[in-house]
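Given below, in the form of structure tokens, are the structures.
Below, chain A partners chain B and then partners chain C, in two separate complexes.
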Partner chain A sequence: MPEPGAEATRPSKNAIELRNVGKSFGAGANAFFALKDVSANIGENEFFTLLGPSGCGKTTLLRCIAGFEEPTRGEILLYDQDIASLPPYRRPVNTVFQSYALFPHMTVGENVGFGLQMLNRPRDEIASTVNEMLRLVQMEELRDRRTSEISGGQQQRVALARALAPKPKVLLLDEPLSALDLKLRKEMQVELKRLQTETGITFIFVTHDQEEALTMSDRVAVMNKGDILQIGSPREIYNQPKHRFVADFIGDINFLDAIVTECGVTCQAEIVDVGMVEFLREGEIAVGQHITLAIRPERITLSAQARHPCRIENIVYHGTDTIYHLRLPNDDRMLARSQNSEGHAPAWQTGDDIGWAAAPDALAVIADNPS
Partner chain B sequence: MRSDRNGKAPLGLKIAAAGGLLFLHLPILLIFVYAFTTEDKSYQWPPPGLTLKWLAVTWNRPDVWQALGLSVRVAAISTALALVLGTLCAAAVSRTKFFGRETVSLLVILPIALPGIITGIALRSAFSLADIPYSFWTIVLGHATFCVVVVYNNAVARFRRTSGSLIEASMDLGADGFQTFRHVVLPNIGTALLAGGMLAFALSFDEVIVTTFTAGQQTTLPIWMLEELVRPRQRPVTNVVAMVVVLVTFLPILAAYYLTRDGDRIAGSGK
Partner chain C sequence: MSRRAAGDAKRWPGLALGAGFFFAYVYLPILILVALSFNENRVVTVWTGFTLDWYKLAFHNDAMLRAAENSLIIASVAAVSATILSTLAAVRMAQVRFTGQTAVNALVALPITVPEIVPAVATLMFFASLGVTLGLGTVILAHTVFCIPFAYLPIRARLEGMDRALAEAAGDLYASPRRAFFKITLPLMMPGILSGLVLAFIISLDDFVTTFFVGGAGSTTLPIYIFGLVRTGVTPEVNAISALMLLISIALVSLSLFLGRSEHRY
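What follows is the complex of A and B.
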């Protein structure tokens, strides 16, 4: 088990620095704060993901970096230079749009070359870069097609090639995979990651899909209601969520209310009517404090002998794994997931009384209390 | 639907449809026929004989050329004016939200909904109030009022279909405002502007009512024809001119129709 946070080490150089960025629409009492007070450092060559539900401000933040929106306060630094006053066409930053926004009156090749043409690059340089970019996204043979004559997945690749062609310092991707079907999306996830590694360009990726965020990112920032709640590696975000929202937004999770009874290197807490659980110390915790512990369904081990009793209310077969809906003695519900191994029929049935246990590092302390 | 394609229309309906079409287009055909008649005092059916001499006579009449020249100049300039103003207005209305946007869009369209005679009287009283002498330019202004509408309507429809993210994509890729307009906006609204411009030209070219109120001594082609009908002298000359007007106005409208149809197709299946 790696040290928590070990993966989060990142290059010392910041490509983008967000300092207390705020954006409001409207004024006075009707003002809507799309971004409240967002600060983050995005390292060079990093694959950084902004994850959150729709309306959380992730796209607004991306548009602020691109220059389509002007932050109402705060600073955005690109390699230590404040870019707030630069119009979009002066920023060495390119965007892959959710709708792709390919120019319908141009061929695939002309689309990819547009950025270079605007930079007044010589003709032969444009031609060779266009070919290079199309090779990178495996679209060489479609160079002279109209953008209306190619499929959605191909359009996606062209949009990528077009945004990469001017060699931006940072590439912004606004939910670029949301229009693709599942299979294509999985393919493009791998493809995007490969492109990012090959080009060495910093990617800022916006998505509401938690799986996409976990599989591709070096670091993820989970956003809600105009704020970044937690920034960390996919592993940290998944295993050590600091906020109830973060925990809940990414996958299934169980919340347990407990009272701290002892705190040393590891802590003990009592879940009323359920029993004592052990967890790792995280921040300031005092004996007697009411806390919320979170645990992923797959981190719960079920066995007949385990110390905490529970009753199986439902068993749902999912192919690769089985989900057990459990009822605790304090009447709380809990989900547990166990991987199916071949030929292994479940040992229990609905209605059975069994036991559950959790390793200390499986329990995360949730900072905010539900109110 | 299949039943619509294969179903046979009843005979009565076919006859009625044919009759309707004939009623609409036979009189136009008559104008063509009378352009070649040998009788020059009155319209007599059937024409006593056919001749091509009126083409030559028309060709040599300076007043025809003057009127035609004036009409073309008025139509060209009001169309050009309408193209600029109509496009700007359409861009503003379709791109941004601002206070009074719906009002602006209604007020722009209003002149074409108003009877021409109202526009004419309004302009005439405004011109005399402001002490503007009637001239070539007052005609142009009068025509521009409805030409702007035509261009605006075409442009606004196309702007709405052109996704706003295209402009953002262009800006994002390093194109400033002017480059974006030249390389991205113009190619996308080009056919719509051409269609709107042609319609505007055709409308201006055969406009009578507003022109009578806004013209001074100038005679545009339609006005000239109206005057010719009152005093019968070499009547078929009028018919020759009418024939030309039909061709000059019909061809652009036809072209505009095909252009906008192709514009629809770009985004579609391309069958």
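What follows is the complex of A and C.
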């Protein structure tokens, strides 16, 4: 496996370094490998997202960094210091829990001050930090309320303020927005990004929501079945997925099976019964090799004159754009999306024979791993 | 619910009558007992006038006072011991997962369903075979044991309803396990612990069978003393003592209900 993250730009200093981290539950034949062999470097001040479906190991990885789980093997370095053996209360990292886990017998202010109190900070310092943190999340008026008397969105902000108050080196966020409704979630996405920029703290964010991952992160690690499949900027993850799973998990995508016919600076491949397509060279590719190319629906250009023929099977209107369900001559299906820049109905109808084309940089080469 | 279903229990014929009969059967004797404890006449069933004399008499009855003192000592020590043991057990049971845990939980609660006479006889045989002199000590020991399930159940229920992430959050925020326990877990468990304590106290205060078997000289409790009095005939004094016990029980149950209700604050 190539070194994950090598292709992405990232800060020079590592806040967290994961080296071959593995975690299994149970033993023998019943052992379950929640994390297989995870390596990644997370830079200082980075907004780093662990993205994957439920059960992919993202939360387990976060809990290993927090100290709630002990990895079965591998090393976790925090600013070059191995923290794998430290209990959670000795690690300068704080967590925002999915359930918020606010202390119900304390007020909002007491919750936010708890970490500092446990660090035995002076009383006046605690008071001023609590006020500062509550101002940061716009919750100053609610300082003396009980946590049961405030709304879900407000609890979310308190949980954030509580985790930020001890000024951790790394903030861990375990699907913190999943309990909020859509509108509030969008607000909090912007808010979280703002907080991260303002505080300059490294954020490690766990989510199964690909849109959330793309909009907030500096870099995203896509996980499946206990492994990180690809690390990259949202743009790279979206446009140049290396794995079929990554491509499929994030948004709609079309897969085309092709045989390489020529490979120079750009490569040519033939899709049987469809025709020749041009794509950019990516890694080791040999003439005659069977490959899978992936293309996003919005990168497909439709026109009557385009070189590859297709037939429109269905047209679905989505408001901002229109989705065309296409059938290729080799009987494969393909999705194309075009933006509705004008108000009138599309020029084509279901059953029309038209053509499609794709720019060379729109096609990504997928490593052949059917998992 | 705005519309009642056809099979609604509220429409069954004779329901009010049945319910009325039930409540009368349960509570009327108690009310009559309390009323008669203020009866001037020595013959229990003939009302001649109001008096507090029987209460005065009871409070000057040394044997009764000793029995009351024993009852309070036994109930306090047994309830507190049982609650501490149950708290420790419940905390540990919530922390760990092991095979057979459900069975262990069931075994802790099982004594509630076992006829009390069985463990009472067994405990007596146990003490006898060890050659232990029966007295206050043996009663306290036996009471502690049978109080444990009553204290354990509300504490465990409270702990099971608690978000495990709370203890993790405390650890995450630099609280050592010890501080996390005293700052977070224990305060949140408190309503359960207090309900358990009150329940255990009442169960112990009220106990007759076990006390009768494993008690000895100097360990006469109120229920045992009242039983002794009744054998020679019910007097208004017995009514007065019973009414006082009822008062204590009601006060404690009210306290326990109040504490139980305060759980909803969290």
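Basically, the second predicted complex is superposed on the first by the 359 of 371 C-alpha atoms of A that agree within 3 Å, B and C clash if a C-alpha of one lies under 4 Å from a C-alpha of the other, contacts with A are read in each partner's own complex, and residues count from 1 in each chain.
Note that in this section contacts are C-beta pairs under 8 Å (C-beta built on N, C-alpha and C of every residue); 3 or more make two chains touch, one makes a residue touch a chain.
Note that the structure is a prediction, hence the values are computed from the model and not measured.
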{"item": "Overlay on chain A: chain C relative to chain B, clash or fit", "value": "clash"}
{"item": "Partner chain in contact with A:Met118 - chain B first, chain C second, else both or neither", "value": "both"}
{"item": "Contacts of A:Pro88 with chain B and chain C, given as first, second, both or neither", "value": "both"}
{"item": "Which superposed partner A:Ala101 touches (first chain B, second chain C, both, neither)", "value": "both"}
{"item": "Shared chain A surface residues [contacts with chain B and with chain C]", "value": "66-68, 87-90, 93-95, 97, 99, 101-105, 114-115, 118-119, 148, 162-163, 166"}
{"item": "Contacting residues of chain A [partner chain B, same complex]", "value": "66-68, 87-90, 93-95, 97, 99, 101-105, 114-115, 118-119, 148-149, 162-163, 166"}
{"item": "Chain A-touching residues of chain B, taken from the complex the two chains share", "value": "163, 165-166, 168-176, 179, 183-184, 187-188, 266-267, 270"}
{"item": "Chain C-touching residues of chain A, taken from the complex the two chains share", "value": "66-68, 87-90, 93-95, 97-99, 101-105, 114-115, 118-119, 146, 148, 162-163, 166"}
{"item": "Residue numbers on chain C that touch chain A, as the complex places them", "value": "163, 165-166, 168-177, 179-180, 183-184, 187-188, 265-266"}
